[in-house]
Amino acid sequence: MKRQIPMLILSAVGTLLVVSVFIPSARHWQEDASLYFDIIAVFAFFLGGGNLIRVHAEKVSRKSAGWIYSVVTLLGFGIMLVTGLFKIGNPNGIAGDISQAGSYFQLLFQYVMSPLNSTMYALLAFYVASASYRAFRAKNTEATILLVAAFVILLGRTALGVLLTNWIPAQFSVLQVPNLAIWIMNAPNLAGQRAIMIGISLGVISMSLRLLLGIERSYLGGDN
Amino acid sequence: MLALLRIAKSIVFISSLLFVISILPTHSVYSRDTSPSSSDLGPITVRAFDTDNDAGGSITVEWDDPGYERLSGFAGFLVWRTNTLTGTSDSVEVTPFGTRTYDDRSVSDDSTYSYSVAALVNGERLMSTPSMQVRSSKQWFDGRLTWVLILGLIICGAVIYFIESAKRGTKLFLRRIAGLEAIDEAVGRATEMGRPILFVAGIQDMDDVQTIAGLTILGSIARTVAEYDTKINMPVRASLVMTAARETIKHAYVTAGRPDAYNDDMVHYVTDEQFGFVAAVDGIMVRERPAACFFLGAFFAESLIMAETGNSIGAIQVAGTAMPAQLPFFVAACDYTLIGEELFAASAYLSGEPRQLGSLKGADVGKAIAMIVILVGVIATTIASAWNSESMLWIENLLRQMFSTG
Amino acid sequence: MGLIISAVVIGGGLLWMLYLSIKGQDVDRRIVYVFVGATVALAIIFRLEFGEVATPIVKSVFDKIENLPAGSKIVLSYDFDPAMAPEVNPMANAFIRHILEKKHRLYFMSLWATGQSLLSVSLNDVLKPEFPDAKYGVDYCNLGYKAGNEGVLNVVITNFRKMFPSDANGNSLDSLPMFKDVESLKDMDLLISVGGGKPGVKEWILFAGDPGKVAMAGGSAAVSAPLLYPYWPRQLIGLLGGTKGAAEYEAELIKTYPRFKDKSMPALRMMGPQTMAHVVIIAFIVIGNVAYFRSRKKGGQL
Amino acid sequence: MDGAVISTWLAALLTLGIMSFVYKDNLYYKICEAIFIGISAGYWFITYFWDSLYRIAWIGVVHEGRYVLLGGVVLGAMMLMRLFGKIGWIARWPLAFIVGATAGLKMMVYFTTNAMAQIHGTVDDTMVAFGGGDLYDLIGRLVILIGTVTGLIYFYFSKEHKGLFGGVAKVGTWFLMITFGASFGYTVMSRMSLLLGRIEFLLTDWLKLVK
């Protein structure tokens, strides 16, 4: 019972939504399903947020290693909840938009979360550099092809590429690095992308069918 | 880019040619300079019909312009609607210049209507004769999707056929995938070293099918983990994924006969913020030093941040995603990468269950169809253009129609 | 002067790394990191700028906005977060300037919760000071953010009011003159999505541009631009890819409307340091391969 | 000190804290990480709360009478049953709903927009492969054709990659490698621009070294 009913729900919902694609008057089911998802996700957040609080509160109460950081996390979480729920400092009061300029919630977003966010993202520049240094080595045919393609594109995106190859006469302008880079993007790269995308969609179809037919159901748990 | 540009140019050229041809006669008869009076012009003919392939509540009105638009005092066409049941009439829209069609979406399926179109010239309404009575209705099937349905049924049919035949015991051959064989090795190494395993099922929620694919692979990995008694750490970005992952791991532990070893804290929610999540995962990696990292699901920019951090601590890394933009980073920084479709196939491979494997064979039929269509299409269009072959042109057009998605 | 200092520091460092590599030592990843940081910092301190010329894929977006009749309806969606902002925000600002300069009607919205905050920054820093005559509700309006990702598009492609009963400031859509003749996205003349993740340009094509048959243009982080190439030029009239695309658009804008010359054009300014960083990465790849072939010759294992 | 100065210092300190991680994990980074997790988790909860729970569910049901949304609320409430050990299994129902909806919806979207549109695109691009256009066009079209087909062969699972088939699949992997290399190279510039933004902030807004 604990597995049959969810299976039934899953198959029925999935099948109905597949069918709804073909029936004009049923298309709004898709919108409704999206809205349902949003609503369920908020409720689920009570579990996630609860988990966050519990994990960190336990660390604090046990004074386990790094408990002080857990205090910081809990404080940050609490401050956001209070300023956001009661819209503290919001010029338009409780009816105002949460991202209203000047509200504490928005200030915290702008001056604390934003810089953290951008910096974490910016670390990528370092990692791209170390990955280029370490991984792009002509070890075998595949790696060499990868390396050459990356190299041409990199050159093509800078003035260096232009400087290096603009001596090539106009009738062979295709071989100038910037043009070669564009060609790689639009011919072999496009072909590879297409193969990947077609493959993915067939993978999704067979995966979805396994789900709808109930062959694959490990994520629904067991009978206990 | 040049090739695409040329195709675009030729499309623009052909369509502008067609456009010129289509407006030629009116141009030669009525030009603005000669300014004929409205009485010289013939009547506007109006056609109204139920809008096709919709959910009802909409009627399309089309009319032709015998030349009013070229009159100097022309201000627009007025669409006039009469509800033939109640007898009430009202204007629905004044259409902008150059428009010959209007989609009236304010009708009821329970009434019948008749439409007239008036040319507004110098403040006068030059009314057409009304159209035939029409009633809007909903269609039960969107005719534009006929080919989608047929092709979909063929591919789904193939998947189901192979699932069924596998169930009956037909032996299926599947080639090996290197990344999958590495999974056991990675788990084994973590066990030997007494270090944990890190599993990240992407950063999307359960409404992404890649997340679900990641969880199905988690199911297999967790079973090995339970048997070896290795530690697993799974931070998640979305609460729903947390719930689903717990069910998955718990089920694996029960199947492995060690339900008591399971603990909810193996899966923990971090934050919904993409880079906040990454900051935490990076922290976990350098502090707990997992021996193996699995990145299986939908990834965005964080792919390389995580994979390079994992690489710096010397972990065996297996990644898999269907986000084409992130595949290069995983390929560069991880030991094994499941590319696109392989992510979805992985759980079927790992389960080894015949029915699951059958579904992969079904997807191969889809690939075969794709390849055949591409090759036939190219050959047909080439022959059609080179030798003017009617039959090849027919094939080309059929294929175009089949794969145009609206 | 700055050029010489940068050349000595960067060139010297690279030569040193090359020397280490030839001697067969592997360079620690931290040295690589310090190097990248130093290069970028030097390039910023001694500003370098390069001229940009619009490539066809960018030019077609510019021409589309340029040639639409005044008063055309254009949606500009902020589908990005602060992390992506340095790359794509310049595009959004360039679009705002161009669209309002051409007297089109501009409808702002966002599919990203974090996009709406950045949207209000744009409104306050670019739109209001530079176009004081633009009237809210007539020339532009802000619909704000709606949760639901591409589901939002699924709805507004048939009906705006169902998803957005009011704009971001709580005005009902019917009270805004520019919504008088707008029922859904299909009534728009051009849709522009600026973003780099999901939902982004791709979702706009699949759920709005294609089904609604509305012209669609995009601005995207460079990382996702190649994925969008297959949609050009059929499903996408043009695309700004990364800072380079943004810089090309800014250059085109300044060329056509010199009055923007003194405005901040961050993408153009950013291209110099980027080019430097690029060259350094290229050098890393070369050095890495030298190290690899050296070690192989010695019969070493990798 | 006014607000602008405080906020700039705050942002600069947080920026440096995160950057310190590339050197090694340290106390400063750990503090920034803890702040980041707490603040951002709160941020998203509040955003979901107002945008989904309040604006969609509450306004939708109570003020607009869209009772169909009650279904979502009921499913959401079932999710919370997880908190009560005994009837926790009810939480599988909303989970099943979501997985079913995802499978159904995504299957069709991927089928029409990825598979069908890409096949259509390939046929379109390679159309008249042997006629019209110059050599450059011809080569481009042929490469797209060969690359797409051999790439698909690589993904073909039910045949061993041996002999001629293996050779063709090998060509397919080469195309995939070009794709990966090209995407990687193409991306480098945008990654750099992100770092640029942060360093510029530090040098200009904070240290005021550059105008």
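By written order: A, B, C and D. Residues from 1 in each chain.
The criterion applied here is as follows: a contact is a pair of C-beta atoms (placed from the backbone, for glycine too) under 8 Å apart; a residue touches a chain by one contact, two chains touch by 3 or more.
Everything quoted here is computed from the prediction, not taken from an experiment.
> Between A-C and B-C, flag the pair that has more C-beta pairs in contact.
Answer by contact count: A-C.
> So which chain is the furthest away from subunit C, centre to centre on CA atoms?
So the chain farthest away from subunit C turns out to be B.
> Find the geometric centre of each of subunit A and subunit B from their Cα atoms only, then give the gap between the two centres in Å, rounded to an integer.
17
> Express in whole angstrom the distance between the two chain centres, defined as the mean CA positions of subunit B and subunit C.
Each chain reduced to its C-alpha mean, subunit B and subunit C end up 24 Å apart.
> Among the residues of subunit A, pick out those that touch two or more other chains and give their numbers.
21, 30, 35, 37-38, 40-41, 44-47, 49, 52, 109-110, 113-114, 116-118, 120-121, 123-126, 128, 130, 132, 134, 136, 146-147, 150-151, 154, 157, 183, 185-187, 189-190, 193-194, 196-200, 202, 204-205, 207-209, 211, 219-221
> Got the subunit B residues that touch at least 2 other chains?
Correct list: 1-4, 148, 155, 207, 209, 212, 240, 243-244, 247, 269-276, 279, 301, 324-325, 327, 329, 331-332, 339-342, 345, 360, 363, 366-367, 370, 405-406.
> Where does subunit C touch two or more other chains at once, residue-wise?
Only 29, 33, 36-37, 40, 81, 83, 85-86, 145, 147-148, 210, 223, 226-227, 230, 244, 277-278, 281 qualify.
> Which of line, ring, star, complete or other matches the graph of chains that touch?
Topology of touching chains reads as complete, every chain touching all others.
> Help me check something: in the complex, which residues belonging to subunit B touch subunit A?
Of all residues in subunit B, those touching subunit A are 1-4, 53-56, 138-142, 145, 148-149, 155-156, 159-160, 163, 205, 207, 209, 212-213, 215-216, 218-220, 236, 238-240, 242-245, 247-248, 250-252, 254-255, 259, 265, 268-276, 278-279, 301, 304-305, 308-309, 311, 322, 324, 327, 329, 331-333, 339-345, 347-348, 351, 353, 355-356, 359-360, 362-363, 366-367, 370.
> If we count contacts the way the header does, which residues on subunit C are in touch with subunit D in the complex?
For this pair, the touching residues of subunit C are 30, 33, 36-37, 40-41, 44-45, 47, 83, 85-87, 113, 145-148, 165, 206, 210, 221-223, 225-226, 230, 234, 242-244, 270, 273-274, 277-278, 281.
> Note which residues of subunit C are touching subunit A in the complex, please.
Residues in contact with subunit A: 27, 29, 32-33, 35-37, 40, 50, 81-86, 114, 116-117, 120, 124, 144-145, 147-149, 151, 154-155, 168-170, 226-227, 229-230, 244, 275, 277-282, 284-285, 287-289, 292-293, 302.
> Can you name the residues of subunit D that touch subunit C in the complex?
Residues in contact with subunit C: 22-23, 44, 47-48, 51-52, 55-56, 64, 109, 113, 118, 121, 124, 182-183, 186-197, 199-200, 203-204, 209-210.
> What part of subunit A is in contact with subunit B in the complex they form?
Going by the criterion above, the answer is residues 21-28, 37, 40-41, 44-49, 51-52, 55, 113, 116-117, 120-121, 123-124, 127-128, 130-131, 134-136, 146, 179, 182-183, 185-187, 193, 196-200, 202-211, 213, 215-216, 218-222, 224.
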